[in-house]
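Each of the two complexes below includes chain A, the first together with chain B, the second together with chain C.
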Partner chain A sequence: MALHIPGTKYYVKVERRLEVPRMIPALVSIVSAIAGILLGGIIFLAVGIDPMEAYTRIGRVVTNPAFLGNAIEVSIPIMFTSLALILPFRMAFYNIGGEGQFEIGAIVAMIPVIWYWAGFELPTFIYLPFMALLAFVIAGLWALIPAFLRAKWKVNEILVTLMMNFISLQIIWYLVSPGGPWNEANPAFRERYLAYLKEQGVSIIPGFKGTPVVPEVARMPTIPGLGINAGLVLAIVIAVVLWFISSKTIIGYEVRIVGESEKAAQYAGINYLRLVLLVMFISGGLAGLGGFVNLTADLLKLSPEISTPGYGYTGIIAAWLSRLNPIAALIVSVFFGILTQSAYIMQQELRISHYVSVGFEGLIFILLVIGDFFVYYRVRLMKKV
Partner chain B sequence: MVSKEKPPAVLMKNIVKQFPGVLALDHVNFEVKAGEIHGLLGENGAGKTTLMSILYGVYRTDSGEIYIHGKKVNIRSPKDAIALGIGMVPQHFKLVMAHTVVENVILGLKEFGLVLKMKDAEKKIIELAKTYGFRINPKAKIWQLSMGERQYVELLKALIRKANILILDEPTTVLTPQETRELFNTLRRMKEEGKSIIFISHKLEEVKELCDRVTVLRKGRVVGTVDPKKVGLADLARMMVGREVLFRIKKEPRKIVLEEPILKVEGLYALSDKGVMAVRNVSLEVYPGEILGVAGIAGSGQEELAEVIAGMRKAERGKVIIGNVDVTNASPKKIFELGVAYIPESRIYVGTAPNLTLWENMIMRHHRYPPFVKNKVILNLPYIYNFTRKRAEALNMMYSSIFAPARTLSGGNLQKLILARELAETPGRKTKLIVAVYPTRGLDVGATEYVRKVLIEQRDKGVGVLLISEDLEEILMLSDRIAVIHNGEIMGIVKAEEANVEEIGLMMGGALRKNTVSEKKAEPKAPSN
Partner chain C sequence: MELDIVNLFLIQSLTIGTVYLIATLGEVLSERAGVVNLGLEGLMEVGATVAIIVALMTENAWIGLLAAFLAAAALAAIHAFTTVSLKLNQFASGLAIYIFGVGIGVTFRGYARDIILGPQALLKIPKIKAALASIRIPGISNIPIIGSLFSLDAMVYFGIFLGLLLWFIFYKTRIGLNIRSVGENPAAADAAGVNVFRLRYITTIIGGGLAGVAGGYLIIKIATQIAGETVILGRGWIAIALVIFAFWDPLRAIIGAYLFGALEASFYWLQGYFGGATVVMLKAVPHISAIIILTIMSIEALRKRIGAPEALGKPYSRE
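Let's look at the complex of A and B:
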């Protein structure tokens, strides 16, 4: 494609890169993010705020350890939902169901908590590992449904995973609404829960949508000295394991071939059904773990807000921007955390509407996605001969 | 002094076209006189199609000038080209299968009105066909027509738009020898009517037979324009390839004769992707140490036949037996493990994954067996890297790095990679049968020679080869026996030394059927007598 610049001897030529140099993806992402932040200044100007004021707030989030810690904390659920998508996206299986798998993980992790309030206690050290296992396995099984439908009858996985998100959300609503079996006002919990609340200085059970809180025994510990929850360690370990699986094992190799061409995969003797079931079990399981972490570290209560603001969907963007590299997914997630944290501080200190800060985040996402173009194409200014 | 001679129909001066990474056309000069058939000869990738795409307005030239009938023109799109009287018959037809001939021909034309005057259009088509000496039923649906007839529909599309410069891009690849002869007669009639014809080809004999002049392209440059009647085939070949070409590959008579076939196909039926029965009651046998060539027009069911044998397509009925194992509808994995090398029709997206690296492609299908894997799941990467490098060196492959994506390889190097991989023998697996589908399609002469040599080497080692090709010359050159397929059915199987091009042509076109039962029975014993 060549575009002549009127009135000059020059023309702009867009060509596909024959090979993508190693550093280009990272470089492009950084440049796009900076461009997004600068362009975002226009939004701030439009609502009557000095862009420099806004930029100082972003700068403060990056430089102030306490704020940065918060930003990382906010990014942990995104780490899980983006890591979850790396294998399925690599094999061109578009799992849009991270949101639902995340919620299922949180729901089943809640089961031992419900038992606890109903008077059935487990040994203390069992809680966290048992809840994590439940979340991983059940969310993994949940994710097998679209995988099986796709492999067996070519049912579009995007639709199935997306629609299953509504089901999981409705399950939460059913469980936690007033009158629901897990609602905190359920008489089955009444005695123990009231006693607990009294210790906390509260004398009535509100009975809004939501379960009783997660007791101390079942809460995620924080990393000593950092004040960030231990979900971060789990996410880092998972990223390393995923990196190993994708670059050093047959599973990663076969996933890449399927992602390239299902015909080539068939030729290579790959059993698509088996591979997709395995990959989606891992994917659903990881998203489910994210739900478990968010429940036990942050929300401490199962409610329809467990995945707000759409961790499952943000994970898709983060996975994409990381170019399906697990280590990069961690970094991209932290970047998202920084953005969210900055937006929060801007709301607080500059009294910007929530919607303006969300718009600002959106603008940066869009620029990052546009930037993708420059990873595969280069634009050159050429002189006409 | 003003020459009375007519200006040339086409004059292209100093045409340059740059694609990322390649200079596709390097100051090409090309001239077609009015009323001549001009051959454009060159290997794949020489720039023939690019040059014609520029003339037809598909691409724009980076620099250079084009004159049509002596007038300088600026062709920005096919619409401009059509307005200038240029018509193109593309290599891959662009016809609507479910529509009739008339509907296809007048698609996009305004002269037949908003409410189509079908009768007028039909009359016009019949008239045109009569002028140029061919027959066509304007009411037939495209899918009902043979490839030869479809070509005429493309020609009609150009003619009805009053083209007087016609470009035909490799028109004979899909034709039987008889259909080719008919096409040549039509083209000669068109020439007599004063039309100029550009005939793109890489087949030397055809060019020599048909063309008044030939321009030879090599690597984006014009090697020369010659009168094909005055030069020999070998000269043309040398111009095209840049070196001497072996026309015949040395082939010893079959040495290994075993009674038991390595491949037995019995009464096989299979569907095409569109759900039409593409393979119908096919029975054949391949013996160790022989090459069984399957001749037929591309799309006659031979691709599907190969896919069923390789486990890539379901058999609806019938049996496939390899050695003495019934592998009907077995997985590609199992068939691979039995020692079947499969060279698929699509080199990319089936034979290789173009965006994956060389090493990833080099171990495809072998990747789950030792020594490529340790502890059942962990890839033995140092071994794999070393293996890939050694293979690539041995094959003289042109590559930048084993970590470069496979798509950076040329077609020839890609095919070398596929062959090397398929023929690689590991402790648990020896090659017993090769199923090769169009193995030399689109390759340059050097790579073609290499592929053919490997097939013969393997045959001499006692491997059975099922060779599917649309190049009749190749079939005749390599095969010990030739099966001819038409419309999914085997029309007959003949011995190569008794084969007769005329007869095979008729069988390819479905006009002749030979009784082959006795042939098959006699075959394994015959040479041992």
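Let's look at the complex of A and C:
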């Protein structure tokens, strides 16, 4: 296809690439992210805020070690929700349910905490591993529902995973609302929890929507010297394992074949049902682990607020931006952590909703999608001879 | 004169159902021509924001709804550009529109409430709500059950009209035949002289605009608060599921939309019977129902070998 530029001797030539050079997708990702931030300035202009005011907040987060630490802390849940999507997205299974799987992980990780306050205690060293295991397995099983429906009856996985996000959030509302079984005012916790609160010099807030606090024994430790929670180490280990699985194992190979063509995979004798169940179990499990980390390191109480930052949705864009490379996903997550942290500062100082970061994420996503055009097509400016 | 409970329930069902209906019909229009738009939720959020701001500024709900149509249509045009012209991944593009729409919609609404409009403007809300008040016909409106059909606001009638109109267009007109053929077999339609690209642009943009109207109607007629969080709360996604429930048929869409309207309306009544925390679990019922319905529909589609338009989700290029 050739498009003549009127009034000049030049024309634009567009042709499909036969082979995509390795650097192009990464380049498009980086350009989209930067262009998204710059174009996002229009959002600020539209609400009467000088874009420079907003950018200086982002700059402050990047340059101030304390803020940067916070931003990395915020990026840890995004690392989990984006890493979770790498295998399913590689096989063109669009798991949009990271948010719900994340929440399920946090919910079930809470079970030993509830036992604790009800007077049933486990050996100290058991708490974190047990909670992590619960989060991984139950969130993994939760993610098998859309996987099974898709493999068995071709039920659209995007819609099912998305619907399930609303269900998991409603489960949290049920558990923690006043009168709910896990609400901090539940009489079952009274003896121990009230004594603990008295020691801390705080009291139960009537009508509070949330559980009792996670006790010291079940909290995520911080990395010595960095002040960042140990979930970061876990995320890095997972990224390396995922890189290994996707590039060095049969599963990774099968995932790639299915991603290229489901039909071809069928001819190659790949069992789609088995593969999608395995991949989604891992995917849901990883997102669930993120929920466990978020609960034990940051939130310390389960409440509907867990859904406010929308980590599951940010993970989708982070995974897409990383081009499904697990190591790149870690870096991209930090980028979104910085953006989210900046948005919270802007909310306080510039009186703008923290949803502005969601707007930014969407804008970057749109630009990334459009940028894909340059991945598939070669666009050249040519001179007429 | 008081309305009896049955009438009140039916009115609420049809009102909430209208939000689903208008959005679902928009998606039906778009998908019939072969373009999936997963951005519905975001388009509705933007529609809600623009509708409430413009309606409060002009003190006219109808101008607000018109503006909602235009804003959502503009955003849907981006989706048309990426999927029809650039032939890129429809799912990714729709998801991007969804996230962008929700983010920008909520941000602007909060900003508008606090800064552009100010507290005085909120006093005008009853006035704009009045434009969408029920049109009661004295005497008839009080008859049990039948009366509810004569106590609705204009948008409910518009929704039904739109469903009938789309059905008529799809099955009785030349342009409808073209839309369907573009969705089933764009190459053949192209060979027969139909402008595939233009038709897909038009249906995607109008379909998106309708989602905006649905969001605008939701915020003016039903929502109890205008800013802070999202007001759409997953209804856009349910509307997309309803398209599958309806098997892309506008008349079946009417049934599905009202069914979900009734489901949602029933919560207000059940709240009285279930205490405290249990009632919040009921709010998951539409989503659980949607998953069950999707599953049943997918099994049916496999069994009867019917289903989505053949070219749905696939870009068309003339190569």
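Keep this in mind: the second predicted complex is superposed on the first by the 342 of 385 C-alpha atoms of A that agree within 3 Å, B and C clash if a C-alpha of one lies under 4 Å from a C-alpha of the other, contacts with A are read in each partner's own complex, and residues count from 1 in each chain.
The rule is simple: a residue touches a chain if its C-beta (ideal position, glycine included) is under 8 Å from a C-beta of that chain, and two chains touch if they have at least 3 such contacts.
Since this is a predicted model, take the numbers as computed values, not measurements.
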First (chain B), second (chain C), both or neither touched by A:Gln266: first
Partner chain(s) touched by A:Trp320 [first = chain B, second = chain C, both, neither]: second
Touching partner for A:Ile43 - first (chain B), second (chain C), both, neither: second
Touched partner set for A:Glu15, first chain B, second chain C, both or neither: first
Chain touching more of chain A, residue-wise (chain B, chain C): C
First (chain B), second (chain C), both or neither touched by A:Gly362: second
Touching partner for A:Leu350 - first (chain B), second (chain C), both, neither: neither
Chain B residues within the chain A interface of the complex: 20-21, 62-63, 310, 312, 331-333, 336, 342, 344, 346, 349-356, 360, 364-365, 367-368, 373, 376-379, 381, 404-405, 408
Interfacial residue positions of chain C with respect to chain A in the complex: 38, 42, 78, 81-82, 86, 88-89, 91-93, 95-104, 106-108, 110-111, 114-115, 233-234, 237-238, 240-241, 244, 275-278, 280-281, 283-284, 287-288, 290-291, 294-295, 298-299, 301-302
Residue ranges of chain A touching chain C (in the complex, touch as defined): 43, 46-48, 94, 96, 149, 153-156, 158-160, 162-164, 166-167, 170-171, 173-175, 177-181, 183, 313, 316-317, 320, 351-353, 355-363, 365-366, 368-370, 372-373, 376
Residues on chain A engaged by chain B in the complex (per definition of touch): 15-16, 18-19, 248-251, 253-254, 256-257, 260-261, 263-264, 266-269, 271, 385
